Structures are given as structure tokens and as C-alpha cells.
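First chain A sits with chain B, and in the next complex the same chain sits with chain C.
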Partner chain A sequence: MGIEVEQGAVRAGRVGASSGSENGGLTRGQKFQFALLVLALFVAVPILLGHSPYFITVLTNAAILSFISLGVWITFSIGRMNLAQGAFALVGGYASAILATRYGVSFWLCLPLSGLVSSALGALIGWPVLRLKGVYFAMTTLSLTEAIRLLALNGGDLTKGATGIVNIPRPGAIKIFGLTIVPEFNGADPLPFYFLACVLLVLGLVGVWRLSTSRLGWVFRSLRQNEDLATSIGINVAKYRVIAFAVCCFMGGIGGAFFSVFHQNIYPATYTIADSVNFMLYCFLGGLSYIFGPVVGAFLLVIAFELLHAVQDYQALIYGVLMIVCMLWLPNGILSLGLRHVSKGKG
Partner chain B sequence: MEQVLINGVVLAVNYALIALGITLIFSIMNILNFAHGQMFMIGGFVVYYLYGIFKINYFVSLLAVVIVLGAIGWSFETFFFRRMRRMATREENSMLLAVGTALLLENLALSIFGEKQRGVPPVVTGVFRIGTAYLPAGRLLVMVLALVLIIGLLLFVQYTKLGRAMRALAQDREVTHLMGVNVDRVAAYGFALGAALAGLAGGLLVTVFGVNSGVGNVYSIKAFIMIMIGGAGVVPGAILGAIVLGFVEAIGYALLPGSITYLLIFTGLIIFLLLRPQGLLGKPWG
Partner chain C sequence: MTVALLDVQGITKRFGGLTAVNSVSFSVEKGAILSVIGPNGAGKSTLFKLISSFVVPTSGRVSFDGQTITGLPAHEVARRGVVRTFQETTIFKEMTALQNVIVAHQLRSRASSFGVYFSSVTARADEERFRKSASEILDYLGLGAVKQMVARNLPHGHLRALGIAVAMAAEPKVLLLDEPFSGMNIEETEAAVKLVRGIRDRGVTVVLVEHDMSAVMRISDRIVVLNFGTKIAEGTPLEVQQNEAVIGAYLGQADEEVGH
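Here is the complex of A and B:
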């Protein structure tokens, strides 16, 4: 169960590992593996697990959590440990909830709009905060998660305080010239949401891949290595790190908007510090050097957490221990195993 | 207003204990202890079980806090961070490990202690009246104890051999090693001491506010705010940060409804960092 996707993701991870985030261009084999991941997500999973709403929901969660974590991965690529992604997911969630319930905006417009709201706020806050580095940046962004939660709690009529916003309408149909392209989402079946999540994930992956192999990606990596040196060769450091942060917040906002509609509600406590920490851990456990890192990390951890249901009381405890063990024995992420394998094969 | 000032002093002194602990670990090992709030929480629970449930003397319970948290801090350094320092390829790794230990402690507490809010019976009873304000004896005790601990810590770091080794380590790791100091051992003691301070703060404040297994992150954030105000890794900065936060919090809670105080503190913090990213007393960096 769910293993299909896991393997798909790991296989795809090898694509990321062997092509490396360092250079672009996919070999034919890698394109083939990427196609396999897409096939697994869109064909194998629905056929094998389509009858089980529970597994489809778990995989939907994992897909969107990977999408949100991909944003955090971008801030890692400029050398910042971002613990504010929960805050921007919350902003996106509230933006889409408010737009949908107050102004009756269609979900299909809400989704990109909430991403934009998030990234605008991210750019505004990021401008001063990104001057900080290392632990200082981590501390500030962690506080930011708490600050945005308090903002939502004290937002008065707009955010409805602790009661949150409920009964957010589900996505409607998309019609062009009377032709239905996407049918209306109905309540009982999680499959449409699953497909939407997979589309977002694939778009996100392709987008981040394009980004990190473009000039912008190289600029980001130069910021990670040495900002002063980057400045000295004429890179506008302040501009590029805000761009990276805004892209990260955009993905957080979209993911938050998706979840608010998926669950049809949003509360100030929907995203807390624990969520911000998790987004970061997904990236780390998958492997920070690989674009597929966040995806592998999120799928493995979300599925592992569900499997640990069997040991109910100790679920959280075992999860915590597992994570420390991974950190100590796999400091470069799960995908570094695949990389070692590949280089051994070559050598 | 006098009441607000008294509350501010009580908070500031206890917060200083927290801020000093995290500063100690940060300056000695350059590790930001994300688990500091969780250590605070565990200190609170140790007192809750020993003093609250098993009716053991309060001061003995505090001693037990030092031992338990000291052991936790020591083993974190010895088993986790030392290994990480040797094999890490990115500087983020030790930070991530610190986040991982916070997660571990929080989940451990959740599994063992449950989610309920716990309180303990007062250690001393009675109320002092100062002008128009009231100072419960319990709060006075907590304040005096914290003050004694802070002075003790400063003296220890200043005048003992181990304290001097810790200060040397904070200045320059390699040279300290060259001078024949057993760096690993001192680092482990430093971590143990920092953790014990967090636990002691928890053991003191549990008599005033109670404790539950979810408070960890709240206190970690408070610790972060304090060291960002004062400047990370600077002892006077930690104390200054604690005084600022303690009074701002006391004033805010007296004048503003509920959680708006912290919203304003965070907003103020971001504006402050824009002007002075190294904190009030910190050295300018990169």
C-alpha cells in the first residue's frame, strides 16, 4: 500500500541524484524515470488504491506537503533554514478562505491569488529578515510562524479568531464555451483532490527543476556559498534572496489554499511551529542536495507516520526517535544512499 | 502600575535563567538549542511528579531537576552533537539536529506525561504588600531562587577552572584544545549546565504557571526573542534581553487583551532586527 508511490518517488529521486541539482539536461533514462513517476501517480495509484479513500487522502496530503516543502528547499538552496513556511501556508489558506466565503471567488482563481498574497507578504517581510543568516534567520522565521498564528487569532471579523473559517466551498466546474473541462468536485470522493494535488506536485517539480537549472538557480547556489563573493561579481544579493523567498512563500500559499479547501476549514492552529519544522525536515531527510529530496522525505514520513498508527500511544515517540536516527546516520538524506549506489556502480 | 513592575521583575529574573542557559550552549558550542523550551518543560514535570505527586521536599526536587536535565544535556552532546560535528558536511546539519532533539523531547513528553495542564501546590503561602501592589510569597521565593542561581552561575563561569575552560572554548575552540583542555568533556559539561538551567527555570515557574507538554516551543521562542534582543552568545545581552522581555510582557498583559501582546512583540522584533540585526550588545557580524 502506498509503496508504489514510494518506489516511484525514490526512483525519481535517483533521477535527481544522478543528474544532480548541479547541472541541467536530462538523459533519456532520466526522462523515462520521471515519466514512470508521473504514471505511478496518475495511473497506478488510482487503479490500485482508488477504492480506498483513506489511502488516497494520505497520498493527497503527502503530495501537497511535498509541494509546500519544495518551497522550503528553494530557501535551503540560498543557504537559509526557513522555519516560516507554516506561516505562509496559513496566509495562503486564509486568503483563499476569505476570498471564497466573503467574495464568492471561484476556487480556480483563489488558488493562484492566495499564492500571490503569500508571496507579496513574504517579499515584504523577507526584505529585512533575509539580512539575517544562519541561526538568526532560523530563530526569526520560527517566531514569524507564531506571529502569523497570533495575527490570525486576532484578525477580528476577517479571520473569525479562534473559531476559524468553516464551510469553505469545494471547487466548482471549469467550463470553456459550455464545454466542461474539469467537473465539479463532489463531497464523498477524494480522487479529484488527489489528481489536483498530483498536478500541482508535478508542476511544482518541473518548475523548481527549471528554476534550479537556469541562471537563477546558479545565482541561488552562489548565495549559499558566499554572499560577499556573489556581491563582488555584480550579483544583486538582496534582490535574488527576496526572489527565492517569495517563490518559497508562493508555494506555501498555494499549498495552504489547497488544504483549506480540501478540509473545508482553516483555523489559526492549522499550521503551527510543528508544521514549519516538518516542512524543513522533509527536505532534510530526503536530502538537501536533491530536488526530489522534499518529495521523498514527505512521502516517506507521511506514510511512516500512518503506518505507526498500529502502535498508537508511542506513534509520536517512535517518529521522533526515527528522525534522530536518520539525522545521525544519514546526514545527507535518504537520497544520498541512491547516490552512493550509483557512484559505486560507476566506479 | 506597581503591580505590573513587580510582575515584570519576577518574569525577568526567571527569563534570565532561560536566556543564560541557551547563551551558554550557544557560545560554547555554536549550537542553537532548539530543545531549550522542551528542557524547561521537562524540568517543570520533574518538579510536578516529585514535589506535586510524591510530596518530596521542593528543594530536593530542584536538585533532581539538575541531575535529570544535566544527564539529558550531557547525553545530547556526547551521543548526538559530537558525532554530528565530526561528520557533518553542511553547517545546517547541527541546527537541524537541534530541531530534531526538540521534536524528540516533545514527543517523549507527550507519550509519557500526556497533554493535561499540571500544577503543583504552593511551596510557601502568604502575600506581601508593597505600596498598592501584592507580591505572593511563592513568586518572591521563585524570584529569589532564580536570582541566587544567576549570581551563582556568573561566579562559577568567572572563577572556577571549568568555568574558565568554558569561556576559553567560547572564544576559540582550536586554541583551547592546544592549551590542553579536554574540549569534548568541557563541551558536554557546558551542554549539561545549559540544560540544567532551562530545567531549573521550568522547576521554578511550574509553581506559578503550571506546566503542560506543549509549552516547550513557547519558551524556546521566548529564549530566542531574548537572545535576539540582547545579542546571541553575549552574557550581559542575555540578561538585558530577559529584562526587556519580562517587562514588556508584564506591561502588555496588563494593558492589552490576550495574545495581542506577543503579536506586538514579534512585530517590534522584526522592526528592531531591521535596525540592529546583531542585537543590543552583540558584535556586528557578516
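Here is the complex of A and C:
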């Protein structure tokens, strides 16, 4: 796995080498891809699939799973293979569930607050843990996913143990001066959740894009390529590692909060090690060099496994095989197939 | 009498039972070139890491410009103006030469991380300044033509210069060069010697660790000789060449290595 991280590091460098104009702007190709995605999410899907709650639910899942995986993509950009994202999604989910059911906090406030709780916890844990590299960091974060699950299981009255927290209220309406900006979410129609998921995904993409192409992104890549050299030129390596990890956990927390409200429940087993591994797998499958990598990876796998209902028992097996195949024949991810010429042209 | 810019006092580093550097003291005057020489395993590299705070000393202290820098985090020491380079060609391999040097300006950033993220006026001004300065440094080091090349693809000689360019971007007051001439042929060494002198003439004090004796003898104002972690001699190149302890330490390694 250590080797994979190294390879990943080299690959993800392509973002740096090819991210278009160096001042952080987007190239025309990138703008086009982005516009295409926004059109597909907000126009094409509702028109074509709006009548099918089932497909809308699947796509809602895929959108938020992409959002959560984008966080993992950021930790890849500093050269760390993060297997703790499930833990932070769980933290965000519980934070939102507890705030909503105990204190009656509005969903619209719960969402950012859960992100903040997750990122604060992430910064606290990340400070010492991020000193580890390669397989050691991966193993530690893996155990963290399990530790947080056990914490939720034994959280007493706060987390309600194995029963979990159920009947989490749906998002209410947003009104300004009596004017309804966002209507109340009801149970019958999954479209509002779908639109919310898409808004989050687009915001997440724009935010991470900005991060990755700004000078901060270059500092992150400098950490991945050589931490000692970065230190020698006065970069506070520990600080930037924690910033990257906190942003990652923020996204995990928001995603977790969304799902807890979407499903109206959260259990200790809502996110397990398998989920943490999947978040990473989405990044790998799509391609670590591309910001769309986790999005493509998540949509492909989520949709594929919904379509292949019959094989769901073998999901882990198929994921495993897929991972090996991807490593062997598509080490730069699926996006390296179609975007190869783009990347070359820019590099 | 000029003032000592960098002052190393009785610095010692033990790794378990091994004493890598044993109570070494010396000081470097502002604007000087000082070389640290010694046979393999003499503790030169460890001494460098101790000065740049990459390794915490067992005892002793280093002060820079009158202030103790021992125990500070390494990035803070770099911020104060003591910047090291690395023995091998250590650069950001996946970035272009220009990006390498721009990133190395980070510690001159006036904008906060938030400012950088939201591209504030200050951040944009920073970036403009960094870009200009990075271009200048690359031109100065003869890398102007390869600015846009990904560092991984640069030839060996250019990589060494790029390593120095990255360090220069951090605007050092004291530049610690770890074996800047190793693996170079005579012409390359000649060019590198000129370059180091040029850096000194720009007001940077230079401390270097080196094996290439003839280059060291030509370039240095003073030389410190280490053997088995202990300082056995210090002086001008001429004094060091005539020092019996030094000749003893290098015995068996033919005379030309000591610069004849």
C-alpha cells in the first residue's frame, strides 16, 4: 500500500502540472466539463428521471458520496491515504442527529455545524496522526474508523447505542420575510433532496477546485512531493497538513449530516471500514490526478451496483477485483482514458 | 572585527552510543564563505541538520544574529534566514522549474491562508511578486530557458541549480549548501564555484559541506575540518592545508585531495 501512495503521489501531480493557467483560473476545457456536469445534474436528470423516485434516490446517494470522497481526494493531494473518512461522516451524522432531535436545531444550521464538529475533531486527531506516512497513516486512520464506530456504539444516552437515533426531522422551509425560499421537504418526493445534494456537490467541486489551483494547492502538492524540502523553505508542514485534513473532515461531516437527515436515522454501523475504503476507491477509480476523479468513480460504482442488484452479495469481492484491475491497467484512473490528450496538451 | 552572524557553540549529537558530532564550535562572519570538510562519516551532514534544526542536538546551541535558534522548529529557522539545501537533487519533481521557485516564496506571503483561498488583493500582489522574483532567480542561475519544464525531466546539472534556486527563493541570510559540487565535472564545478561566489556577493553568507578539495580551497574564506565528529582544525585554506592533524586525517587519500 505504501507503494500505491507513492504512485498516487506521482499521478496526482498531474493536477499541478496541468491545471491550466498558473494563477488558478480554469481552462476552457475545464469550464466546459464543469458546465456540462451542472447541466446534466440540474436539467437533464430531473427531466429524464424525475418521475422515478428510485433513480433519483440512487443519484442523490452518488452525489453525496462524491462530495465525501472529494475530501479524501484532498488528503491524497498532501500525500496521505486517508481511511478515516467514514469516521468523520459518522461524527457529522451524529452531530446533526443529536442537534436536531435533542435541541431542535434547524437542519439548515445542523448541516454546517456538523461539518465544523467533524473538522474540529479532525484537526485535533490529525495534528499527531498526520506525522505518520504511507501505510502507517493508512492503518491508523483505518482503526480510527472502527474506533469512532465503537464510540458511537457505547455512547450511552447521547448516541443511543445500537438502536441509533431515529426519526430525525426532515429539513424545514427557509423563509425570508414570509417569502418561501426553499419549501419544506416532505417524504413523498425525493427531488428536493436530490437538488440539495447537487447543490452541495457543485459547491464542493468549486471549493476544492479553488483550493487545488490556488497557492494553497501548490503548498499541498509541495508537501506530497517532499516534506523536508518544504520545511527547508519555511513552510509550516504540520499546519498545512492539518488544514488539508480539516477540510477533508469538514466535507465528511457535511455528507454524513446529509445522509442522516435523508434516511432520517443514523446507527453506529451506518459507516464502517468498508465505507472508508470505498471513499478512497472512488478516488482511485476516477483518477487521483483529476478533480472529477472521485465524482466519476462514485457515480460509476454506485450506479453500477444498483443496476447489478443480483451481485450485491459479492460487492466487496467485485470492488476488490476492480481495484486490482484498475491498478494494473488504469493506474491513472478512468478519466485518464478520455482526458489523456487534454492533459498532454496542457502539460 | 566583524560580527559573527552564525555562532555554533559546543554542539553535540549522540545517536544511541554513537557520537556523530562531538562538541563542535565555530562561528561564521557575515558575508563569508565557510566550508566544513572531513572524511566520510565525519559528521558533516549531521552538523548541517543540527544548524538548520532538522535534528535536535543532545547539547550545545546555535545562535543566529545574536538569537538562539536551537530548539526552534525547522521551518521557523528557515523563516529567520538560515536555509539549507540537500545533498541529493531534492526538488519538487512534479512541478515546473518556475513553480518550484514560486512555491519556495511561500514564507514571504503577506496574505493569510484565507486571503490566498479567496484571491484577495494582497494574495494577488504576492503572487505577482513571487512570479517576478522566481523568474529573476531562475535567470540568474542560468535556468531561464527551462522555466516551464517539469523538474523531473531536467538534466542533472540543472537540478542542482534548481535546488539552489529554491533555497534562494526563501531569501536566506545564511545559505547552507550540502555538497554543491559533488558529481560535477571540472567545467561544471568551475561554473558552480562562480555561482556560489555570486550568491555571496549578493550579501548571503554561505556555509558549505564539500568533498571536492580543490573547489573548497579556492572558494572558502575559512575552513572547519571534522574527523569522527570532532573539530580537528580551523583556519584559512592555507593554514588548513599545512595543518598536521588534517594531513593525518586524510593520510592514504592522495595529496591532490588536499588541494595540491
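The rule we apply is simple: the second predicted complex is superposed on the first by the 297 of 347 C-alpha atoms of A that agree within 3 Å, B and C clash if a C-alpha of one lies under 4 Å from a C-alpha of the other, contacts with A are read in each partner's own complex, and residues count from 1 in each chain.
Operating definition for what follows: contacts are C-beta pairs under 8 Å (C-beta built on N, C-alpha and C of every residue); 3 or more make two chains touch, one makes a residue touch a chain.
Values in this document were obtained by computation on a predicted structure and should not be read as measured data.
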Pick one for A:37: touches chain B only (first), chain C only (second), both, or neither. neither
Mind working out whether A:277 is in touch with chain B, chain C, both or neither, as first, second, both or neither? first
Going by the contact rule set out at the top, does A:168 touch chain B (first), chain C (second), both, or neither? neither
Does the superposition put A:235 against chain B (first), chain C (second), both, or neither? second
Tell me which partner touches more residues of chain A in the superposed arrangement, chain B or chain C. B
Between chain B (first) and chain C (second), which does A:215 come into contact with in this model arrangement: first, second, both, or neither? second
After the superposition on A, what does A:131 contact: first (chain B), second (chain C), both or neither? first
Just to be sure I read the superposition right, which of the two partners does A:205 touch: chain B = first, chain C = second, or both, or neither? neither
Could you give the residue numbers on chain A that contact chain B in one complex and chain C in the other? 228
Note: in the complex, chain A contacts chain C through residues 10, 13-14, 16-17, 22-24, 210-211, 214-216, 218-219, 221-222, 225-226, 228-229, 231-237, 243, 347
Spell out the residues on chain C that touch chain A in their complex, using ranges where they run on. 52, 54, 73-76, 78-79, 83-86, 90-96, 98-99, 102-104, 106-107, 109, 113, 116-117, 119, 123, 126-127, 150, 166-167, 169-170
Listed in rising order, chain A residues that touch chain B in their complex are 76, 81, 125, 128-129, 131-136, 138-140, 142-144, 146-147, 150-151, 153-154, 227-228, 272-274, 277, 280-281, 284, 288, 313-314, 316-317, 319-321, 323-324, 327-328, 331-332
Hey, which residues of chain B end up touching chain A in the complex? 26, 32, 80, 83-84, 87-93, 95-97, 99-108, 110-111, 217, 220-221, 224-225, 227-228, 232, 258-260, 262-263, 266-267, 269-271, 273-274, 277, 286
